[in-house]
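Next up: some structures, all given as structure tokens.
Common to both upcoming complexes is subunit A, partnered first by subunit B, then by subunit C.
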Partner chain A sequence: MIIMTRKLVAENWRLEKARYALVGNFCKKCLGYHFPKKQLCLRCKTSEHLEEYKFKHEGKLLEWTKIYDPAKGFDFAGPYYYCIVELEEGIKITTQLKYVTDEGRLKYGMKVKLVFRRLFSHGNEGLNTYGFKAVPVY
Partner chain B sequence: MREVGIVGVGMTKFGVLGRVTSRELATTAAREAMEMANIKREDVDAIYNGILSPDIFEHQMHSAPGIPDYLGLNNIPSTRVEAACASGGLAVMQGIISVASGLYDTVVATGSEKMTNLPTSHVTEALAMCADDVYEVSLGITFPGAFAMVARAHERKYGTNAEMRAAVAVKNHKHGLHNPLAQFQKEITIEKAMNSLMIADPLTLYDCSPITDGAAAVVIVPWEKAKKMDGPKMKVSSFAQASDTMSLHDRPDITGFKTTQVAARKAFERANLKVTDIDFVEVHDCFTIAELVALEDIGFFEKGKAGSATLAGDTTRGGYIPVNISGGLKSKGHPIGATGVSQVVEVFKQLNGMAGQRQLKDVNYGMTQNLGGSGSTIVCHIFERGD
Partner chain C sequence: MSSKEIKDIGIVGYGVYIPKYRISVDEIAKMWHDNGPMMAKTLNVTEKSVPDLDEDTITISVMAARNALARADRGDNTKNNELLSKLGAIYVGSESHPYAVKPSAVTVGEAIGATPVMTAADIEFACKAGTAGLQNVIGLVKSQEIEYGLAIGTDCAQGRPGDQLEYTAGAGGAAFIMGTENIIAKLEGMYSFTTDTPDFWRREHARYPSHAGRFTGQPSYFRHTLSATKGLLEKLDLSIDDFDRVSFHQPNGRFPIAAAKRLSIPYEKLEDSLCVTKIGNTYSAASMVGFARQLDMAEPGERILICSYGSGAGSDAFSFVVTEEIISRRNLAPVTDDYIEDKAMLSYAHYAKHRGKIMMS
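Showing the complex of A and B:
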């Protein structure tokens, strides 16, 4: 990995809630969800009605690809699946799709659940960075 | 705002250029453009340089003053412009705006990049930084991966298949044959493109633009001044820029880019032109699917129709709308910061009859579309003949 900031505790620490607990926010006025956390509701244009919200770990698969030529830092595990997931609350995230045993059974709109996994490491002496990956529910 | 014209262009060879810095490449292109414009060195009021990352590729930040320094133009303003792969287009646009405003009378807009110092996986990492770092990059996105998902979504909704995407690569390589400055002068076949190495399913090696070094430059002056000059020239009809969410997944629809739709519409409105007035276009084919999506978003074809139109030859020389006659990013190469400027260079050469073997006949209006990130920034320009 060529970028120094990736190796810092601070970069991981400031993202703790979003990355480790999927925390975003919910607007009590328009009943809309935001992820990552926004400073103001993008529809109501105010922070007045926002509260923290922890997203459920379930959603549906909207799009996917298999990346054969990863960026430096993600080349430890060979080719991997990468996807867009729409969570139950309607917000979308991208992440890796794990445990794909049969690619032919991946379907647009199929159910996926999110699991907590290592995203990348920084060699023997560096940090491990964790977050959520998706798993297909056949 | 006053009307603006371009009176000189320059471009280095695009490719793997060995022992040279982006600063030297930008200097070479700028000198060529200034020579063609036949302007005095001391007339240059300011420089804009579109460049993605001299920091990562060359360990050089604060790169902008380096260019006037090498041109012997110290003390004039020089500004780095960064908008991912749209850096070059945006540098030209900033130059146009600064002349249109009346602040400057002669501006050199350059674009440059020296990418081949790093191994491919490092370049992939550096380019991926143009996506949302926290919510895309740290999860493992690559740009081939992002555009692979665009290709899949487009295929599911409209049936745009691998053969149609390969037809874009074949066509642009064919166009590039006649561009001596292009990285590749090599014809390929549909079969070869479709059966090449898988990069991000369904995009293969031939769906992707290469890693390239190079630079391009243009000289921008007020149109009143340009009219009195003897050399080649073209008039800026209009320009427009748009932005969208950093993350691809935050968009309601990924079968197109709202930014291209908005920027193109604004550019047509400002120029009081219709899409049918455009004689040829240089679009941002960083991936084959990106060319098809751009042609639909600008409005040359209905949504879902660009693939079959490309297969039918509608986007080649002599077709309904010649697209990427320069070879596009696919064949000409994609030195990030230089790309948007080189699109403008191609339009200039075509409108002035300077395009050699690839010269189009009877062209009055040319358009460019330069894309940054996963379409988070788009810059469009329209130019017209100056004579």
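Showing the complex of A and C:
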């Protein structure tokens, strides 16, 4: 049985803006993007030039793999595809890739959209975690 | 009292979302040794939509809300933040909220970026919770408490295996942003008809709803739908001929046609709203998805009637007049048919898995 700890509630909550709305930040000095949101620009070592930035729900498919033996809690979803998506701003994210009925149609660099889905349910009584998943655009 | 002049209120953005998966009535009938073709003919439904394994009322609401927002910001992303900062209320109407306690509306608010200065709540009134939310939003906009408000009707409807409801209980959502600037369709008025008529219910902790069979017809669906529609016509001093398009609640493909017939509404005025035949009954979303499809196809100047029905029971009727704005705005987000046509069929076994009918422990 999956038990949701209080620590996990706070952890999930901290990532909400990133998972729900792709909120990260942009540094006006070095013109770099950060995702999820950082307290300091990793290059400039200051928060002075950081502003909140919402990434577009689009990107390109960099890599993918098929998971035949899902982790605990994802049993129902298996087998499923997992992928690396490069957002338009250059940030790379990992996420599940939906609706792959024919792997032959997947192409490196093809466009993907990010949709809003339930990522995980913490048992019957815990919280649901929501966020983005990728869908190929053929 | 505000001295500001009361402006026209209307829809500034609308959006729908329908899950990709479908199961045919025939496939369900095979499982229960029913006559599929006869069942499809009786219900006038051939397929119904089925949520994905990771879809629920919250995810569908978010997707519909994003589509509504895309139309509301008129294709200009910079207006998005401005509109969101003025979005003062979100109401999500559904009878299948994922949580008994914890609002779906807050996740929608967070996901579209409208939080934190806004009010939000989940609403339940069987299949008319979405239009009840719409009324709340209209009230707040009209009283000038908020500039914009979002009302969503969404459901991942439950049907007991083997029950007649299983053939129609679908999934989908529709979202409407109401405001006073750049409106797509102007609200002319609304009228509700409500009584305690127990035709369909689900008790706390019950997995599936119960219904009273034929009692869901005449004393329930028809009495409330017809009364609300007639009441609206009288209130606005209009006749049914003044309307170019209508959308009624669609529990099956027969009831709305019969209701239109009894109101002497030509089938052509109803036809474009009948999504039920391909996606089933989307409960709180049903009349709103039908209305959205009418907006997808409407010409400026056309008058549209929408009348919901929620078991228990009540109907909310609204009259809207489409403006010139519809032309430039309707293609800023996927239209209803984009979702209806983008489909993948499921077997009954996969359907059972999708709807959580297979218990792992």
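One rule holds in what follows: the second predicted complex is superposed on the first by the 129 of 138 C-alpha atoms of A that agree within 3 Å, B and C clash if a C-alpha of one lies under 4 Å from a C-alpha of the other, contacts with A are read in each partner's own complex, and residues count from 1 in each chain.
Following the convention adopted for this analysis, contacts are C-beta pairs under 8 Å (C-beta built on N, C-alpha and C of every residue); 3 or more make two chains touch, one makes a residue touch a chain.
Because the structure is predicted, anything quoted here is derived from the model rather than measured.
> Scan A:119 for contacts with subunit B and subunit C and give back first, second, both or neither.
both
> Looking at A:17, would you say it contacts subunit B, subunit C, both, or neither? Reply first, second, both or neither.
second
> Applying the document's definition of touch, where does A:75 land relative to subunit B and subunit C: first, second, both, or neither?
both
> Would you sort A:51 into first (subunit B), second (subunit C), both or neither based on which partner it touches?
Neither: A:51 stays clear of subunit B and subunit C.
> For A:102, decide between first (touching subunit B), second (touching subunit C), both and neither.
It touches nothing on subunit B or subunit C.
> Does subunit B (first) or subunit C (second) touch A:84, or do both, or does neither?
A:84 contacts subunit B only, not subunit C.
> On the superposed three-chain arrangement, identify whether subunit B or subunit C touches more subunit A residues.
B
> Under the contact definition given at the top, report the residues of subunit A touching subunit B in one complex and subunit C in the other.
Comparing the two interfaces on subunit A, one with subunit B and one with subunit C, the shared residues are 1, 75, 119.
> Can you check the complex and tell me which residues of subunit C touch subunit A?
Listed in rising order, the residues of subunit C that touch subunit A are 20, 52-56, 58-59, 62-63, 66, 98-99, 102, 107, 110-113, 344, 353, 360-361.
> Which subunit B residues qualify as touching subunit A in the complex?
Subunit B reaches subunit A through residues 56, 118, 120-122, 124-126, 128-129, 134-142, 144-145, 148-149, 152-153, 156, 197-202, 247-250, 254.
> Please give the residue numbers of subunit A that touch subunit B in the complex, ascending.
1-3, 15, 18-19, 36, 62-75, 80, 82, 84, 92-96, 108, 119-120, 129, 131
> In the complex of these two chains, what residues of subunit A are touching subunit C?
Touching subunit C: residues 1, 16-17, 20-21, 23, 54, 75-77, 98-99, 101, 115-119, 127-128, 130, 133 of subunit A.
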